[in-house]
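Some structures to go through are shown next.
In what follows, subunit A forms one complex with subunit B and a second complex with subunit C.
== the complex of A and B ==
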């Protein structure tokens, strides 16, 4: 794994330029505020990087809404804060136009479409439970259970403060496995909105089966969906079009999001 | 209550439930249930009935017991749907907290589907969900 450490860093450093604009109907000042530009890490969550965005716009909405929870929208689609930013981009943006144009709202929180996120503690709890779920799949939850509270904090603070070394000092323990066995199951979520009304699919796929190293292609086959039926497609993560022959164990160790899940998007080239 | 992890294990579900009939969970528990937590908008009822998943609800950490523990749930439903169902059954207030755990380890997200959890963590043809009023496994 050592020789591929550079890949972990490259993935960690993935950024997206975002242009935030306050929803026109919420502007209460005579002159609309300027848009706010930010380079955001693909691996993090919006509530962890948008304090500045909030401060920039909150003065331009009516005082009664100052304490409201801020939410973001892309082309009429409210953005789920509990999805990593890179996943939202890979899932929703088809024309790869940059900067990513997002609308900021303080009013009418769409609680029928978004979970509530009153504080960063909620994001921390979401991250921790995702890590536990991933570890339950990989190692029957043994590693997260044996880790000290201090290690859990390293994972959270590493992501919160964008510190690669701090995060990986703890995360490498979660990536451990015996050389011949690999992970028990690969933690992944497959997003194929073209095929199912569920937001994503999740099922059991081993890393190695009958002494064969399973690949991305094996994973797709087990979804029992005819992906080719809708034309040529890509499997995208971190903006990368993954070759189908890539071994799952390698993808899981190198391309998982900080929650230790692979968030894989099925994407068709637009007609 | 404090935040100390509850070490209690799930009650043994093997005996009592084998004789217990499965009851279908109504597909609507609360008309105001947000879309994110309910199943996809029902298409006009065709012949294909939504497959069901057996969910066993186990109280832990002194949570109130429900007389019926084994339920048949539409596979398209979410944890949030089950949460709102239990809240109604136990007449919990909006301000009352309710936590769910799978595998005695992690709390699934409220928008996670019952099918996904069953596919990954189900055993013996059922999904066991622990519920409690205070945080159990951190």
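== the complex of A and C ==
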């Protein structure tokens, strides 16, 4: 069970200022709408926090598009709603500009690139699938399977309504492990677009191996990639540059996203 | 034996490749089987269903207006309309190894000739009509099918979620007291799961040498 509650709280409170602007080609009113500013939690997903954004802009697009699914774009890149907001920022923004400038669209949904998200139920189902996958790695799916429907709802509603205590009342069960063993495998996804065409890398890494507590450095080594070859790099999560000697078990318990995965981005300082 | 290791998965994949080579039904490998979790089994084919093609409308309208596309099925869910505006669709099936659940997992996608992708509802309606199954089966299958990012391609694909596959494979094994080997496991899984989404599996795969 995680003990550093203050750290969990700090991570939960992480926010990003975002400036939303309607795509100019979609403005149907004589005057373009004002941009819309919002502080959004890093840990959540865009469809859970953009109802107000939708309401602000929808009146400025042609009526035929009013019921269309809204989607967001950053520098010509459609944003995957099923990635947590903090991950998208860490992955895509290289110059740390704030507020984060995003373009809002109601037209031409890029359904060859983005999953459909007609309702928040889809986000809930995505979260539950990810939690099951993470639990399968950590505990052979025993905890999610034994949890009551009520606990599943606490996880979802805690995230949806931004309630730390509600979320963690259930999530602490998913973080349990025996003191000597740690998690069976660490649920993580490593984002290194400089090295692979895959959206992310995933492989099996234990928490403890031959009585040695594995660190972030061990995890990187097992990718079999020469990360140094492209210059000095950082491993970033929640905007934090993680020291390579940090034990994986600790990172997993304290820095995982609500889906219980560590979403780790390899980042090179711009030349 | 509800789960298999990556190495067992590879044994199953190689069996499918060997049989597929002799009967020519098109299964092949993408990526690398040498690397742990580094490759998958793939097949592209004409889908055995007929789905309305938005021939009269522009491609842009087609992505919004689903009602008219599916209308003919509402009259009689068991008929395949011979109307010439209906065209076959193409399907692609990928069998990946799920590291987390330690089971094979199926991804699929179907598209029309104009390149637009089919949505789950359309796909199921077409399959249901082709198979003449009662609609309760359709709703049952819809529940387990979700759109997910393809782990190799990063694109949205439909996916039969693997979290219950291990239970399913235990049930299929039933009273089979002998340890089921990797080839048999793989073929049992494929012949159970793939036909559900319209991908036939030849009986040739069930002969082991």
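As a working rule, the second predicted complex is superposed on the first by the 268 of 271 C-alpha atoms of A that agree within 3 Å, B and C clash if a C-alpha of one lies under 4 Å from a C-alpha of the other, contacts with A are read in each partner's own complex, and residues count from 1 in each chain.
FYI, a contact is a pair of C-beta atoms (placed from the backbone, for glycine too) under 8 Å apart; a residue touches a chain by one contact, two chains touch by 3 or more.
The model shown is predicted, which means the values in this text are computed figures rather than measured ones.
Q: Superposed on subunit A, are subunit B and subunit C clashing or fitting side by side?
A: Overlaying the two structures gives a clash between subunit B and subunit C.
Q: Under the stated touch criterion, which partner chain does A:244 make contact with: subunit B (first), subunit C (second), both, or neither?
A: neither
Q: Under the stated touch criterion, which partner chain does A:109 make contact with: subunit B (first), subunit C (second), both, or neither?
A: It touches subunit C, and subunit B stays clear.
Q: So, A:137: does it touch subunit B (first), subunit C (second), both, or neither?
A: In the superposition, A:137 touches subunit B and subunit C alike.
Q: Determine, under the contact definition given at the top, whether A:39 touches first (subunit B), second (subunit C), both, or neither.
A: In the superposition, A:39 contacts neither subunit B nor subunit C.
Q: Which of the two partners, first being subunit B and second being subunit C, lies in contact with A:82: first, second, both, or neither?
A: Touch status of A:82: both partners.
Q: So which bit of subunit C gets in the way of subunit B here: 56-64, 74-82 or 146-154?
A: 146-154
Q: For subunit A, what residues appear in both contact lists, the one with subunit B and the one with subunit C?
A: 80, 82, 111-115, 125-126, 129, 132-133, 136-137, 141, 197-200, 202-204
Q: Which bits of subunit A are touching subunit C when the two form their complex?
A: Contacts found on subunit A: 68, 80, 82, 108-109, 111-116, 125-126, 129, 132-134, 136-137, 141, 187, 197-200, 202-204.
Q: Write out the stretch or stretches of subunit A touching subunit B in their complex.
A: It is residues 80, 82, 111-115, 125-126, 128-130, 132-133, 135-137, 141, 144-145, 185, 197-204 of subunit A that touch subunit B.
Q: Please name which positions on subunit B make contact with subunit A in the complex.
A: 34-36, 39-40, 76, 102-103, 105-111, 113, 115-117, 119-121, 138
Q: Can you list the residues on subunit C that touch subunit A in the complex?
A: 36-37, 60, 63-64, 98-102, 117, 119, 146-149, 151-152, 154-156, 161, 163
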